[in-house]
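Chains here go by letter, A, B and C, matching the order in which they are written, and residues are numbered from 1 within each.
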Amino acid sequence: MKASLRLAGGLLLAGLIWEGAVVVFGIRQSTLPRLTEVLAAIAATPGAYWSGFLRTAIETLIGFAAGTVVGVANGLIFFRAPILRDMLLPIFVVSQTIPVIAFGALVVMWFGNTLMAKAVIAFYLTFFPVTVNTLLGLHSVDPRQVALLRSFGATGRQILFRLQLPMALPQIFVALRLGASLSLVGAIVGEWFGDTTGIGVLLLQAMYNENVIAVWAAILCAAVLGTGFYALVALAERRIVFWGAEQ
Amino acid sequence: MNRRHLLTGLGAALALPAIPRAGAQTLTRATLRLKWLTQTQFAGFYVAVQKGYYREAGIDLTINPGGPNLLTENLVASGADTFGLSGGTDSVFAARERSLPIVCTGVMHQQTPFVFVARADGPIRTLADFRGKTITTWFTGANFVLLGMLAEAGLRPTDFTMQPQQVSVTPFVDGQIDVVTATRYNEFYTLMTRMGRDKLRVFVPDDHGITFPRDTVIVSEQTARDKPDMVKGFMQASIRGWRDALRDQKLGVDTVMAVAPTLARPHQEFMLEEAGKLMVAGPAATNGLFWVDMPTIQKAHDFFLRNGVIKAPLDLAAAYKPDVLAGIPLADRMA
Amino acid sequence: MTRHRGTLRGILGGVLLLTVWEAVARGFSLPAYTLPAVSDILAAAWQHRAVLAAAGWITAQEALAGYAIGTIVGIGLAGLLVVAPLLRGPVLPTAMAINSVPVVAWSPLVLLWLGVGMGSKIAMVALAVGFTVFLSALAGFDRVDRRSVDLMRSFGAGPAGVFWRLRLPAALPLIAAGMRVATVRSLIVAIVTEMLGAYGGLGWVIYQSVTLIDFVQVWSAILVASAISLAFFGLVGAIERRVIFWR
């Protein structure tokens, strides 16, 4: 309760600083519009922003979930089978060097104008950091502890679930927090390839119409979605990795 | 009300919209890929969808917007989209030169839709004054039009600086560059609202003998060959939609704004009005909307050939199909 | 010896992928706008090597400059928050809010503010890299065991001592992982920003090639981008191994 009050207070303060700075320093609208102008723009067509928000949120969530599952699975497989890691990890790395935006047409050709096409891009950006960090986390487990458990007769599965995965979780969560932002990027960029709803569409329309207020309105939506999602992941981290980071 | 009644009611509610759907089983599904984001530049297509003109022509049409780095020719050639509204005669040339199997069945803008803009109070009064100046333009065809115009004014490419123009006209508004490229219906509006019409000096390609019809309707060669009736029906319905949108521009703007509510209405009104002017200009005045004017296209083709933009002559008769429109009575094509 | 084998396997995996790609493109005689053959891409890359090298050089400069700035600011900021925990309250939420907006959403504004030149690309790269490294570094600094901190304190170590002796060494693997992930991101962000507005660079070549319907050229530009990314990734990886070796 107290925390949410503090949060509300902080937001109010940030808003006041924004509004005040623009008025006091006489900042041009094309550089930074007043917050109230941005909010008024959202209030003028709330339906458009809400449906865009929802649509992008769904794409992000699907892509993030798929990216997490596949990423952790990849990490486990690579940990167990170094030959696959050696063969595939370089290819994964290469795949991550490709800017998806260059292949907008290919994405549309392969996945059509569907929600899935955006989720696929969100997935594509998320799975790699999760893979790498899962692998790193698994490798960071002290081999002596593994040997100890083994000497007690623990099976490979037990060692994995009781020792290695828990030890890797903090590392995995670092990637998940990154992935939370990346999957949103993926969804938004995906919407640039000829979609009709979404924050990405709003952003693009605003950008090319040079409507700075609408750009900020879309950025605000993205910020709310991004912060909310990030907070969820961080909350999950605190709940799950309670033994981890200590403050 | 017991559960059975509820179910019956639900069934009836579901059956109702199913009635037209049952009759619509003869509809052919098709998509139209626009060249850019939803805006009134494409109002007529949205009106035709809303009024059911495509359905009457037997087409269940979905409109897909375009975006940066999406090329309509590419998506139509690969079959991802049925119809396309693509860049213009120039992009059709480029696609045909690279053997993309697409044909053009209609042209929306009969005049070059873009102009080159300088400051009215600046040093640029004629094309010859472009010497030593910095110009931004789109490297998608407009650059060649500009090069051609300036060549005829006696300027060589080394006499001025030409830079790519993307996203924003702000560098021009801020005085960082001397000449900017603007479509009559879009960037020009931004320039007008930010600087004032009387502050702008406009150079029109058509005044210098260069006309590039743009916003071309394309289909794949296969569709044109196998489904000529659908292509004809599409053109007919599109013309009907555009007629309504041009006659009742409020309807046109309303229909588009319903799809993209965050757009700025005054800008969209201006856009529809200006795009409409381009659509009824020149040969369209006597031949109707979407007219494919072969002499103009031939001239544009020869201009590109002369400037080395296309390496070898193209078979224009294979690339442009005015006969689809010719099959529709002239009275039905007039705006 | 094992590293040697890993490299061999990596090469094997790559060759396998390229062979399948070439076979699919040739076997189904796919048009260039769907998937050009590898050999065609290589030939085009060789043919346009001068243009691509010049463009690659521009993009690499932007990416490197942004990467350097982003890394320094990211680690510095995380270190600051650890040494001065009072700053966490205001700084962390602000940083999160900025970061939760997808990098690409800032690009229209950054282009408006900093122009179409290299400055806007460097700023965008620094933003993207900075947050990646910042998050990794913060997580790394935080994962030190409270008891170790107390122990060092009891021996009379100040906050700076704890930071240098304990937190930094403990954070290094995570920072290194973040820095490695960030290498790839730096190139992509530079390219994406170039595609929206630039005077040169690989993103500009890609944009240009798409509009001129030259898909083989798009792929060859991507090839160069990937090569630069990989070299960068490898370089940072090599430095990381050396640092860990020293430890």
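Assume a contact is a pair of C-beta atoms (placed from the backbone, for glycine too) under 8 Å apart; a residue touches a chain by one contact, two chains touch by 3 or more.
The structure displayed is predicted, hence computed values, not measured ones.
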Chain C and chain B - chains in contact with each: A
Distance-maximising chain from chain A - centres being C-alpha averages: B
Centroid distance [mean C-alpha coordinates] between chain C and chain B, Å: 38
Between chain B and chain A, distance of the C-alpha-averaged centres to the nearest whole Å: 36
Separation of mean Cα positions, chain C and chain A [Å, integer]: 16
Of all residues in chain A, the ones touching two or more other chains: 30, 101-102, 105, 109, 206-207
Shared-contact residues (touching 2 or more other chains) in chain B: 68-69, 71, 74, 78, 167-168, 170
Multi-partner residues of chain C (each touching 2 or more other chains): 33-34, 108, 112, 195, 206, 210
Sites on chain B touched by chain A in the complex: 31, 33-34, 36-39, 62, 64-71, 74-75, 78, 80, 167-170, 190, 259-264, 267
Of all residues in chain A, those that touch chain C in their complex: 10, 14, 30-31, 82-83, 86-91, 93-94, 96-99, 101-103, 105-106, 109, 128-129, 132-133, 136, 140, 170-171, 174, 177-178, 181, 184-185, 188-189, 203, 206-207, 212, 215, 218-219, 222-223, 225-227, 229-230, 244-247
List of chain C residues in touch with chain A within their complex: 5-7, 9-10, 12-14, 16-17, 33-34, 93-94, 96-97, 99-106, 108-109, 112-113, 131-132, 135-136, 139, 142-146, 173-174, 177-178, 180-181, 184, 187-188, 191-192, 195, 203, 206, 210, 218, 221-222, 225-226, 229-230, 233
Residue ranges of chain C touching chain B (in the complex, touch as defined): 31-34, 108, 111-112, 115-116, 195-199, 204, 206-208, 210-215
Residue ranges of chain A in contact with chain B within the complex: 30, 41, 45, 47-49, 101-102, 104-105, 108-109, 112-113, 192-196, 201-202, 204-211, 214, 217
